[in-house]
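Next, two complexes with chain A in common: one pairs it with chain B, the other with chain C.
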Partner chain A sequence: MTGERPLEHRSPVELKAASWSDPHMQPAAKHPRFVERIIALTFIAGLALFALFVVAYWQNWSAWTLGATMGAGMLFIGFGLVAWGKYLMPRGPFVEERHDLASSKEEVEAFTNALVERGGGTLQRRRVLGGLLAAGLGVFSLGTISLLVRSLGPLPKLTLTETDWKAGTYLVDQAGRRVTAGQLSVGSVLTVFPEGFQNTDNGQAVDQTILIRVKDTSFTTVEGRSTWAPLGYVAYSKLCTHLGCPVGLYEKELKLLVCPCHQSMFDVEEGAIPTFGPAPRPLPQLPLYVDSFGFLRAQRGYDQPVGPGYWERTT
Partner chain B sequence: MHRSRANGVRLAAASIIGTMAVLTMLSVVGATGAAATSTTTTTTSTTTTTTTTTTTPASRPVPPSAHPTTRFNSGTPNSTIRIFNSKGQLIQYGNQFVRYTLPASSLIPYGEALYSVNCSACHGADANGHPAAGTPGGPYPDLLGLGPATYSFWINSGRMPAAQTPDVQAVRRNPKLSPYQASAVAAYINSLQPATPYVPVVNLNGASLSDGAQLFSLNCAACHTITGDGDALAWNTYAPSLRHVPAQQVAEALRTGPGNMPVFTGNLTDRQLRDVVAYVTEKIQHPQNPGGLGLGGLGPVGEGFIGLALGVGLLALVGFWVGDRT
Partner chain C sequence: MTASVGAGKTKRQQRAQLGPYGRIGKAVEELDERLGVAKGGRTFLDKIFPDHWSFMLGEIALYSFVVLLATGVFLTLYYVPSSAMTIYRGSYAPLRGQLVSEAYNSTVNLSFAVRGGLLMRQMHHWACDIFVGAIVIHMARVFFTGAFRKPRELNWTIGVTMLILAIANGFIGYSLPDDLISGTGIRIAYSITLSVPIVGSYLAFFLFGGNFPGTTIIPRFYTIHVLIIPAIFVGLVSAHLFLLVRQKHTQFKGEGRTEHNVVGSPMFPIFMAKTTGFLFIVTGITAALGAFFQINPIWQFGQYHASQISYAVQPDWYMGWLDGALRIMPSWELTGFGHTIPLEVLLPAAVFPGIIFGICMLWPAIERRYTGDNLMHNLLDRPRDRPKRTAAGAAMLGLLGTLFLASSTDVVANFFHISLNTVLWAMRILTVIVPIIAYFVTWEICRELQGIEGGGKRKRVNVVTLTPEGEYLAVPAPESPNDAVTELEPEPVPLLLESGSPDGGNALESGEDVEPAATGVRTVTR
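Up next is the complex of A and B:
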């Protein structure tokens, strides 16, 4: 730096000694004793309320008392602080001029000269430097991509398309009891799981199925599923095809399943096709049969992935 | 001037951010607290002594159930206790958890008189849903063969007799008929075509609230919400609030499935029914709100909205007031 000029070019602000007649002083400052007494009173009130809060907590009083004492205590302390600050500080507005921000002509020239002088030697090696810079950025970007790939977690493999429902799996309730064909009355619902999986993570998350007795005679929900609903029992995956919420709201007279998250409605008698809401596909239906002992079992697993869509999914 | 205004804005912004953080923490604490209280309390159930009393000869007639199930002790005459009167009529069944009782047959004439005044205009003189020719509206529900519990529920919850035909679903009102009159009407309609379920009386002694809470969250909370305040369903129907439903009506609704509600016969045993009823009448209807106000139990969205609108708005005003020094 070549500048010899003085560091400070500030225009000095006139700082007057505060007097009570000064228009910048708060009007409150004219009665200092009164104001100080008020402030002291608020601090005492806050202190007392905090003490009361401790007592209330110690004596296990109601939550209302705890909140009220602590809140009011904070309010009083805060009020006192604000009032004290206002009382101490003179009232604005004040104007403080900045010094000139632009560099002087000599400073600009000196800087330019220095840059040219140094650059003459350095810039000849610019190819090496440029190459190193590109390499550094390249490693950085490759590293960033590799971090993303590393964070992806294991591949889902078959878990997206397969559940624990297999041919002949017994339907059991939450407690693991097998469901018999005479158990549910018409209009009843039950959340069922494949036997042995009612307490597993996968069972609770993916396998959960809602069993509804819509009527007391076998019926066909969709063409080609004539044997899937014996004795009026129909079973659908409980995972909404929109975002996977549990579709557990069965309306007996409307014969609708309603998803609580986004109000998708599925027509139970028509293969759970969505009649309202954002769900894009029908709920997958589990084919059922009644075995010779009267237990409800699955003919086979779901014929399509359960739950919401994902990008490889074609159907 | 500018500087002090900027200070005020900065203060207001800081107070808003601070308040939001505090409210978020409070709502999280409140939610977890509410969830915790619903599951912690446990009452150990009494030891059950299996008493198979009053075994009945096969010849005795048992009225058919409107909601048949093969599961033992779950709301049908297939129960531990069955009591017949001298004419061989089943008048009571159940077990130590729930007793299902037939309204006294001596009430039938009184019930018939009440029926003709209050019900027959829509449901018809034969209670089959066909009123006299020329009655507007309809078709009206067929009342035959539904069991006394159904009639008792609809009358005692004030939904029937309705002032006018309900558009979507009948609403709970102050009952027009007294419980005694409701029993009489139930006795009369049931005498036209006897059926079960009979009117349940739940013995809440020794109920397990923790089991009740689990069953509630599994079976009821989907529609009635976890706080029991009810919620909207499809096509203007809704699940009503459970806040003011007496124990007997909870049991009747579970066993008969009024309106769009599923029937819980066969998927709940009488013991589980007792636990659910106890949980509804003791916990759902007397919620403990650790934060003070329950805010209607509408969940985090409603709580957050009220917190933002009231709390932040108020604090923003205070912030402006504190920061405004001119």
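Up next is the complex of A and C:
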């Protein structure tokens, strides 16, 4: 170890803080061979465990065997190294002087002079050149960056306001089967999609609608929607108006739809107005009808954008 | 030169020719002739690191970053960043035959079919959780001891930037497997982007390459996660460490320690041995966690489908405060003039974190303006000696802690069988009052602690012995040299510091003696 050669300008200081005569250090100081042996043992244990790890990796043993051998090996070697540094090396403490980081007044002066006088002078005398240089770089970077950003994706246009629900669209389940009027018992729910879109990204992410059989007779959720819920079937957009999570929980005793993300609750009998939580708006309701064959279909699409709020959304 | 060494000479002559330091000496000489490494190198080997346990917190962060890089490189060898759908045909029976994305498929496969894969994935996830935690605790240490003060403001700012990047990259990283839980998180991120006034929908469409979910977000997140943020991070870590070496460490007050020196162990070999050992310990603990504690078992969650959702899921811990803020926010949406501003999203998820990180970034400037203290500080404060700063820090931790708790309102309500409504309102109220209570309680504790006689001194040990007669005796242990050490002996508090002196003077620096009234008893007038 480095004990023999003095550290020139890092002299041990006469502090009582830590020294070999410290009782806490004495076992190590009096019996360095003993400490050495302990550390040797930890290194041997580390070596053995690493060897075992290699075998485990080679033989493709279970993940916990790999982790246990590697982790324990690392811990043994780590503790051994720390003990080596702590008990078998000169303990100091050593002291180092700090030197002012700041330069002398003259150096600062010289630097500022070069920066302001030389640089400023150059630029002030050649304003046109500087301006041209800045304009060139500006055109290049601003133009390139804005075009690059623009090319990252399409403009939103109407995709945020429209869904694939149109007048007469059949309600289908995840597998594409049309939903019939007798399918759901009172109190049950089904996630439905517009027919033909159940396997598309937009159908899954935007069109998803939750169909609930609240009761077995037609009812009105909100004034003016008297025909929207035939035979007690009511359909709402499944996108939470808070952050767009699927509103996947239905509490059938209280007739509440609950969003599992941030616990917004919507009263399905009252047009899904939010009764609790951070959601600001009711879930848009899809007007339904039962056709002559008994299939559930949409009278028309949603009358407002589904999902969370955004700047262009009109009220 | 080296070629001539050894030809037809005895070993002794060879050694003599190499000089007293042998081959290493020769190598250093050759290197120094070309690069001049000796002078700076010696200073570096002699660099003094003060010995205090709290200086190890930053090392935990650094070494978990090393673990993250190593395990992360392993994962990139097998992970496929693609949303293209495929049929799962791997060894996990419950998923077999299901339609999954390449991202999900490759993550499940690297967990079950690649040797060591599951361990590496779990270590990567654990290392991330430890990483962010270590950064936060390290930051708290720096804050409460005033280590961010002049001349170290820049390093504090770099540190806060790294915290933000670490949180962002953690979120992006756990979104990569494309499982049901993380996919919901991405959807929330999309909706938050959408909520930004005026440009929100454009931002969201450019980021996601169209309407949610699209097929570009996974590959883009991958590039950000494995290339862009790590590259910035490596640069910032280097700058952080360079500034640390350049400005030298802070240290606690104590015998022989002044503003103008550093007392501790030298870089080589003592600190190097300890810190390398510590690297092994951090890696070892991460490996043990990865081996024995399951984390993010995505095969149980299933592939993300936009119309499906799971119940009672929480994000990783460092996102909890944001989720909590979203939950307790009232449903205020501004509408009018044909436009909508979703304040219920914008305020908690964009404005609020902006304010929090802004305060963190600017704290050194805020405090300097308030105290008028513009002096160089190399000695650390004891938290109790700066009650207002300590109280402010406690209030901040109280606020973030309460919000973190608020991210589990549904779990709390279920577990304790209380109404969700009660829990939500309790959280709203607590979010307001906990920081206030934390501020005043901490402030009061600091002031009480200041008055304790002998506070910060090591206590003498009393050994209790039982005599054969059955009598118990308390015998003071033999005096240890450490008994005299007053490592944390408080300096008299410069009265001007916290009362905001106009001239920025510091009683200590200007040489005035502010004597305590008696040992351990100090008059603090504020």
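Of note:
As a working rule, the second predicted complex is superposed on the first by the 213 of 315 C-alpha atoms of A that agree within 3 Å, B and C clash if a C-alpha of one lies under 4 Å from a C-alpha of the other, contacts with A are read in each partner's own complex, and residues count from 1 in each chain.
Operating definition for what follows: a residue touches a chain if its C-beta (ideal position, glycine included) is under 8 Å from a C-beta of that chain, and two chains touch if they have at least 3 such contacts.
What you see is a predicted model; the values in this text were computed from it and never measured.
By the touch criterion stated above, A:73 is placed in contact with chain C alone, chain B being left untouched. By the touch criterion defined above, A:93 lies against chain B and chain C together after alignment on the C-alpha atoms of chain A. By the touch criterion defined above, A:150 lies against chain C but remains apart from chain B after alignment on the C-alpha atoms of chain A. Applying the stated contact rule after C-alpha superposition, one finds that A:173 touches chain B and leaves chain C untouched.
Contacts of A:64 after superposition: both chain B and chain C are touched. After overlaying the two complexes on the shared chain, residue contacts for A:276 are found with chain B and with chain C alike. With both structures placed on the common chain, the touch criterion links A:243 to chain C but leaves chain B unconnected.
Using the contact criterion defined above for the overlaid structures, shared-chain residue A:185 touches chain B, although it does not reach chain C. Between chain B and chain C, the partner in contact with more residues of chain A is C.
Of the two partner chains placed by superposition, chain B and chain C are both touched by A:263.
Taken together, the two complexes place residues 63-64, 67, 82, 86, 91-93, 174, 191, 246, 248-249, 260, 263, 276 of chain A in contact with chain B and also with chain C.
Residues 63-64, 67, 82, 86, 91-93, 173-174, 180, 182-191, 246, 248-254, 256, 258, 260, 263, 265, 276 of chain A are the ones touching chain B in the complex. The touching residues of chain C, counted against chain A in their complex, run 46-48, 51, 115-116, 118-119, 122-123, 151, 184, 187-188, 190-192, 194-202, 204-216, 246-248, 254-256, 259-266, 268-274, 276-288, 290-292, 305-313, 323, 326-333, 335-336, 338-342, 344-345, 378, 409-410, 420-421, 424, 478, 480-482, 484-485, 487.
The touching residues of chain A, counted against chain C in their complex, run 1-2, 7, 9-10, 13, 15-19, 21-24, 57, 60, 63-68, 70-75, 77-86, 89-98, 101, 149-150, 152-156, 159-160, 174, 191, 193, 201-202, 204-206, 208, 238, 242-246, 248-249, 260-264, 274, 276-281, 307-315.
Contact residues of chain B toward chain A in the complex are 1-4, 65, 67-71, 218, 222-223, 231, 233-235, 237, 257, 259-267, 290-292, 322, 325-326.
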